[in-house]
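Read from first to last, the chains carry the letters A, B, C, D, E and F; within each, the first residue is number 1.
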Amino acid sequence: MKALFVKDLKPGNQVTGFFVLRRKDIKEYDGQTFLKLELGDKTGRIDGVVWDNPEQIADEAQSGEIVKIKGWVTTYKENPQLKVEKLRRAKDEEIDLADFLPASERSLDSLFEDFKRAVSSVQDPHLRRLLELLSEDSPLTEKLKKTPGGKLWHHAYVGGLLAHTLKVVQICEEAASMYELVNRDLLIAGALLHDMGKIHAYSAKGFLDYTDEGRLVGHIVSGDELVDRKIQMIEDFPPNLALQLKHLILSHQGELEFASPVVPKTIEAIILHYADEMDAKADAFAHIIKTQKSKGKKWSDWVSLINRHIYLGEDEVTEE
Amino acid sequence: MKALFVKDLKPGNQVTGFFVLRRKDIKEYDGQTFLKLELGDKTGRIDGVVWDNPEQIADEAQSGEIVKIKGWVTTYKENPQLKVEKLRRAKDEEIDLADFLPASERSLDSLFEDFKRAVSSVQDPHLRRLLELLSEDSPLTEKLKKTPGGKLWHHAYVGGLLAHTLKVVQICEEAASMYELVNRDLLIAGALLHDMGKIHAYSAKGFLDYTDEGRLVGHIVSGDELVDRKIQMIEDFPPNLALQLKHLILSHQGELEFASPVVPKTIEAIILHYADEMDAKADAFAHIIKTQKSKGKKWSDWVSLINRHIYLGEDEVTEE
Amino acid sequence: MKALFVKDLKPGNQVTGFFVLRRKDIKEYDGQTFLKLELGDKTGRIDGVVWDNPEQIADEAQSGEIVKIKGWVTTYKENPQLKVEKLRRAKDEEIDLADFLPASERSLDSLFEDFKRAVSSVQDPHLRRLLELLSEDSPLTEKLKKTPGGKLWHHAYVGGLLAHTLKVVQICEEAASMYELVNRDLLIAGALLHDMGKIHAYSAKGFLDYTDEGRLVGHIVSGDELVDRKIQMIEDFPPNLALQLKHLILSHQGELEFASPVVPKTIEAIILHYADEMDAKADAFAHIIKTQKSKGKKWSDWVSLINRHIYLGEDEVTEE
Amino acid sequence: MKALFVKDLKPGNQVTGFFVLRRKDIKEYDGQTFLKLELGDKTGRIDGVVWDNPEQIADEAQSGEIVKIKGWVTTYKENPQLKVEKLRRAKDEEIDLADFLPASERSLDSLFEDFKRAVSSVQDPHLRRLLELLSEDSPLTEKLKKTPGGKLWHHAYVGGLLAHTLKVVQICEEAASMYELVNRDLLIAGALLHDMGKIHAYSAKGFLDYTDEGRLVGHIVSGDELVDRKIQMIEDFPPNLALQLKHLILSHQGELEFASPVVPKTIEAIILHYADEMDAKADAFAHIIKTQKSKGKKWSDWVSLINRHIYLGEDEVTEE
Amino acid sequence: MKALFVKDLKPGNQVTGFFVLRRKDIKEYDGQTFLKLELGDKTGRIDGVVWDNPEQIADEAQSGEIVKIKGWVTTYKENPQLKVEKLRRAKDEEIDLADFLPASERSLDSLFEDFKRAVSSVQDPHLRRLLELLSEDSPLTEKLKKTPGGKLWHHAYVGGLLAHTLKVVQICEEAASMYELVNRDLLIAGALLHDMGKIHAYSAKGFLDYTDEGRLVGHIVSGDELVDRKIQMIEDFPPNLALQLKHLILSHQGELEFASPVVPKTIEAIILHYADEMDAKADAFAHIIKTQKSKGKKWSDWVSLINRHIYLGEDEVTEE
Amino acid sequence: MKALFVKDLKPGNQVTGFFVLRRKDIKEYDGQTFLKLELGDKTGRIDGVVWDNPEQIADEAQSGEIVKIKGWVTTYKENPQLKVEKLRRAKDEEIDLADFLPASERSLDSLFEDFKRAVSSVQDPHLRRLLELLSEDSPLTEKLKKTPGGKLWHHAYVGGLLAHTLKVVQICEEAASMYELVNRDLLIAGALLHDMGKIHAYSAKGFLDYTDEGRLVGHIVSGDELVDRKIQMIEDFPPNLALQLKHLILSHQGELEFASPVVPKTIEAIILHYADEMDAKADAFAHIIKTQKSKGKKWSDWVSLINRHIYLGEDEVTEE
């Protein structure tokens, strides 16, 4: 556990501690070169500045890595700023990722247990084999546990991808019981795999960000490739079943303009799309309500992503 | 039960029977006035023509009404056509609406029992009172049972509104159990009432059509007015609860361009919207699959409303 | 009349006076809780801060209310800031609303006289009765006089709703004389009522803002409900006339994406829509030209709501 | 006056008369070349066919021209068809354009008188000079009188451009009296000129159609060019006034997606836009109501251009 | 070479020959089951009907296959119709695909030579290796040669994919010479591979159609998978180069709403997108001009895909 | 050459030099009137302030003009600010425009030589005559050389219009060689003229900005007018050729919503559109890559105009 967090830094403090390096830029002012930093941990962000040996220090670490810093806190334009004297990349054994990233309330292992339980509910032998191949690929599942569900909007925390996936599975399970034409195993497999590409599309090293793959290929196609490669390893995986499963992954965002290269054309695909939307939006609304509700405040700040204020509710009336 | 259905009419047949008058137009051909009709029942449509006394016969009934007809079947442009000699409005005791409109598989009374069961699950006293006022208003509930869920696209049959409503309630019940911030009673009340305006927006006299109110006011605002009038009758209905409930009805189509005058701004509203969409689309897909799937045909005809073909599935392989 | 306005506050001033409390937030800095305020009047806004007993003072008043304040002006981040020592809710007899909100140039009574004159020009007995019911409902008309036409964009001042309504009536009157098929009384009634829901959708207590009803129901449906309730009180109001009148209110924004739940389908509705648009836009353009035109400046600042600069015109050349 | 109109043609008739040649196509059937025609006049359209010397006859006239035809009426696929034996281009003195095109109810001269009256109401000397140059250019004004306001949707008849222009002037006149910042003469000049390019964009020789200029340049820019050329002839036309006038023409359709290359940026431009829209839509609605209203029919056929049915109104109740 | 083509079928003909089975449907008429067919070859389409043993004959072949037919030509609703007595699937050695599908003007081998020449111009060793793996995979290249560039709109013929690809390469080659920052080999590789997924997305067995993969996965992702699988086979293919190459394939349609799951983010991607668009549109325009231009016809029929008429040009004036 | 550039100004410096006056505003603070300035040159921008005689000094020059200033540099809100004592409009002989605006890398004369070379490649006599009229109009060509290709996004420098035009010509030349139906001379003439209206739409006096004509008429129609006026001077310019050439100018932005009043309807127009897009986007991407690429930075800042980050590429690996 870190000794010192961003939210506790006060002007005048001497600082020796670990922070994630979110961004670094070589700049010039009044003829002198310096290094501008953005540092952070799970409690917030702070700007930093390096005036001595800026270029050498800039080479010590890449943005996204966790660094050990020595310096002190000053004030610049009435905001706190960290004057950095020394900086080096942290060693893995020195740090606990949980200090830097928001985390799931449930343990990652417990979430993954539920994931495996859903896998074992699938009876279709080919889908079952595919899901097992994935859940036994431990480098993959280690990443899976740590991947967030989104960068900013919903499930934006370590473990968020698993938490979101399990809720989508739950809604799909209910729907499978309601509509007779639905292939339940196909739908559940699609729900389990729909966002799997986020493993490659997000990095959650020191803070949540997109990877190059996330930006150049996108999580939808990354997930399709991941599934395609595993299917290649399974003898006799029915080609038509493979197409239908890929269709669930590719179409789950529902519309071309939301980056799905195909629109939902099967009954399982249309159900998965709405289950995904319902959980993503309900989580996002709940997150905004929890973090913004305060006494006398009934409406959230403007949420530009969805162009509206969200209703936070009346104050609870407590009897005395 | 009707003796004779549209699908059974063959050229040469003498016809005496009941049909719904879908459309009538006075036309002129070669200097002579005639009356063009579109007739139908639950099995299909047939064109009709009246050459004698067309204007007098045109006054016998309005489109949407059920008429008794005497005539015979000929062929015009290689399609069957009914030459009509006599036509009068049918009496209520002569006909059974079920012969003219597609009907629910479950009985209307059984659907309504489920509706009342959902009503009685609501604990909040004001919402409960409101729902009871509605479900005890028998002219209203008589109409409610017979109203379709849609004109063409989903649940387009007598009883469809109830069938759709109950599915939406079921999905919302599941969601209420998943998200802690949700006001369950408010959500269930909203689910029960969200499409109530369709009672006034659709007519299901002889065939499914929009009413003037459906076109000039729309089912969303009709539902809001209906609820507003009942709320006026309840002493001390909390104004804020009324606003939230109306918001559920008004925002349930999710986006302004889909005719909701406000977008969903509460967590219950966003859940109701996706529950409504999921059931509407799943029912529409299922209906297309059931009616279009045939041997060797894997894709539906083009569905222009959603700009795609729908996947009907592989043929079942039956072991021999 | 207030003794002291925001625009006159200078660093160093001692301040005792009345301001509207636009916003309040309990915050924390360096371990200490404080209360951040946004205060204002018709001349501008100023930030405020309370360091002593912040929570107790926060309970003194709600945002939107007018408060009496004792404090002094300092500078924070090079902007003036009011350090507040005492704060209490103002009493109605202490204040004049006109000090806090921008006001109509014409008197509210004179505007309302014109409104009543338009009402009395309507000959249709049912529409006339309805309009009279509204204009005799004095709690309603008191609000009507004070409601703005919009929050930011057009007629954003006390009395603006009446001013806008009268201009729309004038354009409709001209149109009614031009197109023979138009039902003049229906069109004028629609023009008088089209924005009536803004009475419930805006609050103009201390500054212009949306109410909960404005956000959860919207001014269009609020107006429909208001008219629906009055119509219920009139015996024998023709149902078809009611539908057409409601249609005018519901469709007046012209397109679904502008929050009208139905598009204009009658000739009166299409005329009302363009009359409303013409006056709203002409007022908004005129307001921008009046407030931004200065010597040598021919173009307004960027108007993000309509994505353009507005032409302010050449400088007047004055002869010498 | 023509002796024989399309609406009167009956199978078996011998025909010698004048028709507009709307379309011609050389086709082949069963190894034989023939010429397929579409003929028409103001009462309707009829297909024609030429079996003898089709290629030679095809060279006799271009589509859009009026032709004299000898032939007889037969039936093809249950529709009447004109078997054509002889065909030649009509001479100007043989025909009256009014037989082929729908015409204004008011005389063209009377409409043009009103146009000139509006011109003479303009006091600004440069705008007045420009408008006079145009209204004294008799080849131009001869065309102006005959140009329709639109091809299908509104004012689609000979004289329609003038009729539409005068209504737009009337609405602008009212608006100029309502908004103090408006330059009345500029606005009226813009109203008079806004659709002037339709003179070159539509051809109204035998039926209403677009010209090559209408399709390659468009009526908006054609109008701008026409005005630009006249302004070049006026010494000392103020450049800034020219820009503002052109802006009125170029922006009058209001949005880029409706083919205006600039959006309205002056108060005159925004008013002209809505005046134009109001008259175009009111005329289109009125035209649909007049042509489609019949007993018992309350709703128009589907109007695909605006995606709605239009309300035709209740039947008049006549007292007995 | 086929003996008998659709365009030559005349009522009364006895027919024994080969046609592609485009569609088949079991129908019922007047109590009797029959089989409705759509047959075709490269010269056109004709309807067919089977009255004897329709279900047995329906099992003889799938739509998309080529069949041998015995029957005679009749007339139904004034169109020719083939009454089919016998039908069986054709053997591969009996038919020449070129009789059924429109074909490239250049030979497929010559097109493929050019393709290989472009491959051998790539110097980067990894890209070169990848391209060679593909161009040496003969089942793949056999399909590649026969795949069309599109179904209806551009390059809709056997060999069209190669023809389109080579033109895109040519434009990209020019662009690579113009912009210094462009990685020429990467761009050319992207141009060669951008539409490769059409091999799996279109079937060109007897007529051009989408495959299940084309509808469920789409040609963009099919192409990505195809390239991904080949890259897996190459040791040390640089991961970053793989991402950039996939990005070219995935983004080449330019916008999400045109089914690209990512938008172009590299300079090569933005160039490839416009090169692809330019060739697709130029080919489509040229095809329309060539097939529709005739004497006196200056404008194409309405092209609904792009909402416009296309200019066909003035008639050539030939000197005498 | 200027002695002193914005980027070199340091707090404490005495300044006497030339700057472009980008903006001026009379403001009031604490009861005192002052003049706020924005000054600049090709190296950057700096705020200025005038406390003595602000109104008199404000009249010395208009925004867009170059001024001589005497003052000194201070700091305001931690940014440098120029306190201005004296200010007067610069004389033409005192300044070199190249100090104030970003410039082309190639000399303007060399670019114009290439332009004339392209003109002389056109064989069609009428197009050749038109192009010569333009390139011999020296007031016009002087402006042409100095006009930028865009304000912010692409080719935003003196000479940029010529540089962009030549690249578009080059792509069109390649396309003309590829598609047989293309009228090469028409396409090249269109490419040379497509953005000619920017001469009147942009001002490049002291910094790049839109003119009133640019905002009220737009560069597309300005170009059309410019060409129309020259065509009026050429005897016997074929009307149809004029329409096609204007069509190239008017449609080159490709879609109505990008301000083209007509969409491309000829094969030359569709090619010109994509050639224009390709060069504009490739230049914009290249500019972003060149100005933003730095060590370790692989992605550009957010580019709001196209809603994406642009890939800057991996760091070059240099061998040691």
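What to note about this one:
We take it that a contact is a pair of C-beta atoms (placed from the backbone, for glycine too) under 8 Å apart; a residue touches a chain by one contact, two chains touch by 3 or more.
This structure is a prediction, so every number in the text was calculated from the model and none was measured.
Considering every other chain in turn, the ones in contact with both subunit D and subunit E prove to be B, F. Across the two candidate interfaces, B-C and A-F, the one carrying more C-beta contacts is B-C. By residue number, more than half of the contact pairs of D-E reappear in one of the listed pairs E-F, A-B or B-E, namely B-E. At the subunit B-subunit E interface, residue numbers used by both copies make up under half of all numbers present, so the two copies contact each other through mostly different positions. One inter-chain figure worth recording: subunit A and subunit C are separated by 42 Å, centre to centre, where each centre is the mean of the chain's CA atoms.
Residues of subunit B in contact with two or more other chains: 77, 212, 215-216, 240, 244, 247, 265-266, 309, 311. Annotation, chain-chain contacts: A-B, A-C, A-E, A-F, B-C, B-D, B-E, C-D, C-F, D-E, D-F, E-F (touch as defined at the top). The part of subunit A that touches subunit F in the complex is made up of residues 24-26, 30, 58, 62-63, 76-77, 212, 215-216.
For subunit A in complex with subunit C, the touching residues are 10, 77-78, 294-296, 298-299, 309, 311. Across the complex, subunit B meets subunit C through its residues 212-213, 215-218, 220-221, 224-225, 228-229, 232, 240, 243-244, 246-247, 250, 256-262, 265-266.
Across the complex, subunit C meets subunit D through its residues 167, 170-171, 174-175, 178-181, 240, 244, 247, 263, 265-267, 270-271, 274-275, 277-278, 281-283, 285-286, 289-290, 306-311, 314.
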